[in-house]
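Take a look at the structures listed below.
You will see chain A twice below: alongside chain B first, and alongside chain C after that.
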Partner chain A sequence: MSQEIISQVSSYLTSNVPVIPISQGAEAVVFTTTIHPYAPSNNNTDESIKYILKYRPPKKYRHPSIDKALTKHRTLSESRILAKLSQISGLHVPKLIACDVYNGCIWIEFLGEELPNGSGFSSLKNYLWMCVLDPYSKMVEDTLVKVGYQIGLLHWNDYCHGDLTTSNVVLQNSGTHWEPYLIDFGLGSASTLVEDKGVDLYVLERAVNSTHSRYAEKYSQWLMQGYKEVYEKQSKKGQNKLRDVLKRFEEVRLRGRKRSMLG
Partner chain B sequence: MVNLNKVLPRNGRDYYLALGLEGSANKLGVGIIKHPLLPKHADSDLSHHCELEILANIRDTYVTPPGEGFLPRDTARHHRNWAVRLVRKALQEAGIDHPSELDTICFTKGPGMGAPLHSVVVMARTLSLLWDVPLVGVNHCVGHIEMGREITKAENPVVLYVSGGNTQVIAYSENRYRIFGETLDIAIGNCLDRFARTLKIPNEPSPGYNIEQLALKCTNKDYLVELPYTVKGMDLSMSGILGYVDSLSKDLFNHNTKNKLLFDPKTGEQLVTVSDLCYSLQENLFAMLVEITERAMAHVNSNQVLIVGGVGCNVRLQEMMASMCRDRSNGQVHATDERFCIDNGVMIAQAGLLQYRMGNAVQDLADTVVTQKFRTDEVYVAWRE
Partner chain C sequence: MLRHSIPQFDSFEIHASLFTDVQNTEDLRAQVATMPFAMIDASTICSLEQLFCAVYKALVECKYNRLRTKTLNSECILSLSPTSNIAEAFKRFGIKEDSKNIVCLAVTNKSESPFSETVFKEQVKGNEIELSDENLSTTLNRETIKKVRNINCKCIG
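Take a look at the complex of A and B:
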């Protein structure tokens, strides 16, 4: 990670808010901090209470006017969506704490943990790689069905994620099982369109295919099983909506260019 | 470990010779390459370190007048007319007196325009029968990737493949070049070419190059004509941008003073020039490309990018990519120049020879049918781990 970005953040936050960089995604850098932006006392010494600070650094490669517009738009929409989603019962997303859209900065709840045996942070991607010795175990199935359920719930409430990959799902160990949380709503949107949902599912399917190629078929099947569960619980209306989304999903899949007509 | 020496060179030589024929679009390329036979290749993952020697790299481009694109039928005729001359010249340049010394003849199997592909494969089959040399059919995209890897020595990069017919972000995983993101409609080169056609600027040396030069002339680089920014997850869409920028340029040419983006509503003064449009279009499109590339890099945890394909010659795109990589730890950009970026015969020979060395030559002429649709991820990449 470039030192420049870290110093940018530090100068923006001042020395009162110490941050530790944890990862660099495509468009944002993620830090942890022990400081709550609004809590009265800044003398939090309890290391276990952590918050995530997500910072979108200005991208020098793109024109400043594109950059400004995108940073503001994405930070704002991410904050809005997180705020709305946390009101939906059953849906697991990190809680929003604060946001500053012009500087591309948001404060959210810390989620996830270290996986056992040095398998890294508990994103779904690392988890699936950790489970690669027994890829079809009941535990993996349960987790994936749960992930699918979360995505279904998101879509049922007419929201789309926009960048569903296995690294954008974080797992929390709740003793007996792994509870998935959807993170990174930077490309998310509120949408009633089947198109956006179809694209969402397609992006997910491709991400699974490319990062977990060998087991992708089964994984996708489990994800879809959980996804369908949400709709099927609803009345006739749910069934109809599900049919529309799945139909569009098929269409989106065929839309890629130069796709062979055989399969 | 991969054994690249499965098939030994002909006549007990200590090197391989391959002829590559490329003609999937308006360029006809003939390349001849040489790989030394090295013991280290018998048991390693060094397909990007073949110690390639280029004996000939000849290309002829079918250039159309300003405002026109190349039609399949005319392009195919161009290729037919030039094929024999180019192959002769290449053999002469490479100093090969007896073409039957060649280990293999490689041709583009797809993707591309049907008619031009077909002209070239007829040439390849004829030469193969004439000289009794086995054929290898090559995926055009894989050709670009292997060429880029060999030239830049990038070991396992995320590949941005941008050309007139393709826009893909590719990463290698488990014997396939997997497509992470791609265009949902038209390719970036196509978008630039068609905009060049609307502007009626010359197609010589290439429409994209002329747009790049016009963009350099833009005087007010702080101002950007706002264009749609259409990234959909890892994918992007460009037909809407083209339609919009086309309509802007038409308003500009027709002096439609009602368009407030282009003309001052009170004085009727022109606010935007053709250069400004070119500049804005490039900035916008390339920002989208760099963004999806960065997304793929973050996803596969890679810090190298390799830019291949005709649009990859664009200096501005390379600059933007380099700037993105500077902000990532150990980020590196690998790009090649026009000799290797733009379609050429050498890249087909390189990918084809790798395939041949793994023992995948065509057994039956019936398997040499070319195809317009041939996805990058359909190819089984036997020569990598």
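Take a look at the complex of A and C:
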């Protein structure tokens, strides 16, 4: 990772907030830190509590003023969506702690842990790989149904994730089971369109197909089971909406994620 | 009095106190604009996290010259509000005629003259108690906060 970006962040945060880079995407770099941005009770005694810092570095190939506007817009929209989602009861998303739109910084709650036996970080992807010895176990089924339920809840409330993959679902161990959290709403949006929901489902299906191909069929089935559960709880209206989404999902599957390029 | 400094903005110092049974609310209201600190109705504050989150936001705005109000202290009150309407923020989070419990908040730059410990006590006639989440939970009014923060879901316990 570019040392330049790290030094940019460090000079912005001052030496009081040490950060460790953990991941880089096309648009943002993700860091962890043990320092809370503003809470007074943090005496830095508990090193196990971590926070995520998502930083969107300025892009040199863009005109500075356009770059500023874009960074601000994207940071703000991601924060806004996270804040809205955390108000939906039953939906698990990381808590938004702070945001600085002028610098493209978002502080969020740290979720997940290291999986046992060196299986890596507890994303759904690593989890499914860990469970590969017994891929059709009850535990895997429960987890995937729960993931599907979360996605259903997201869509039922008219939000779309935009980049649903198995690595954008983080599992949190709650003693007896794994509780899924949806993360990374950088491409998220509030949308009432069935198209966006269909695409979300399609992207997820493709992700499952390509990372866990051997068991993908069963996995997708469990995911959809949880997804449908949300809609079926709602009366007639839910049934109708579900039918529309599934119908569009079929269409998207036939033509691919992108709509016709004509016109 | 609680003193705190935000790691990222360590050139600033935050001073905050909680007063209960304030007697001179009307006088305070009359001179709100001249006070060197912000006065917040304690019934709208549920935790230190909420309070310092607003301070953090105000400091961010201040650092990039985006202050929308005249001082850093008043910007803190504006930052508490879910909307960007200044008058509404002051009306909702500032002290009202019948406010009995008040949170006093001052954000000062360390390089300027040091903040006097006694400023709050000189102005506010009431009982000073420790500013903590525990004490704030006794002065909090859930209905008020739901109203001022525009929360209409049942998810907060």
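Note that the second predicted complex is superposed on the first by the 239 of 263 C-alpha atoms of A that agree within 3 Å, B and C clash if a C-alpha of one lies under 4 Å from a C-alpha of the other, contacts with A are read in each partner's own complex, and residues count from 1 in each chain.
Basically, contacts are C-beta pairs under 8 Å (C-beta built on N, C-alpha and C of every residue); 3 or more make two chains touch, one makes a residue touch a chain.
These numbers come from a predicted model, not from an experiment.
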item	value
Chain B or chain C, by number of chain A residues touched	B
First, second, both or neither for A:Tyr61, with chain B first and chain C second	first
Touching partner for A:Leu70 - first (chain B), second (chain C), both, neither	first
Which superposed partner A:Ser167 touches (first chain B, second chain C, both, neither)	first
Chain B versus chain C as contact partner of A:Gly175, first or second or both or neither	neither
Contacts of A:Tyr102 with chain B and chain C, given as first, second, both or neither	second
Touched partner set for A:Gly118, first chain B, second chain C, both or neither	neither
Chain B residues touching chain A - in the complex, by the definition given at the top	111, 166, 171, 173-174, 176, 178-180, 182-185, 222-224, 226, 229, 231-235, 283-284, 287, 290-291, 294-295, 297-300, 319-321, 323-324, 326-329, 372-375, 378
Partner chain B, residues of chain A touching it in the complex	1-2, 4-5, 24-27, 57, 59-66, 69-70, 162-165, 167, 187, 199-200, 203, 206-207, 209-211, 213-214, 255-261
Residues of chain A touching chain C in the complex	13-14, 16-17, 35, 37-41, 87-89, 97-98, 100, 102
Complex interface listing, chain C residues touching chain A	2, 4, 6-8, 10, 48-49, 52-53, 55-57, 60, 64, 66, 151, 153-155
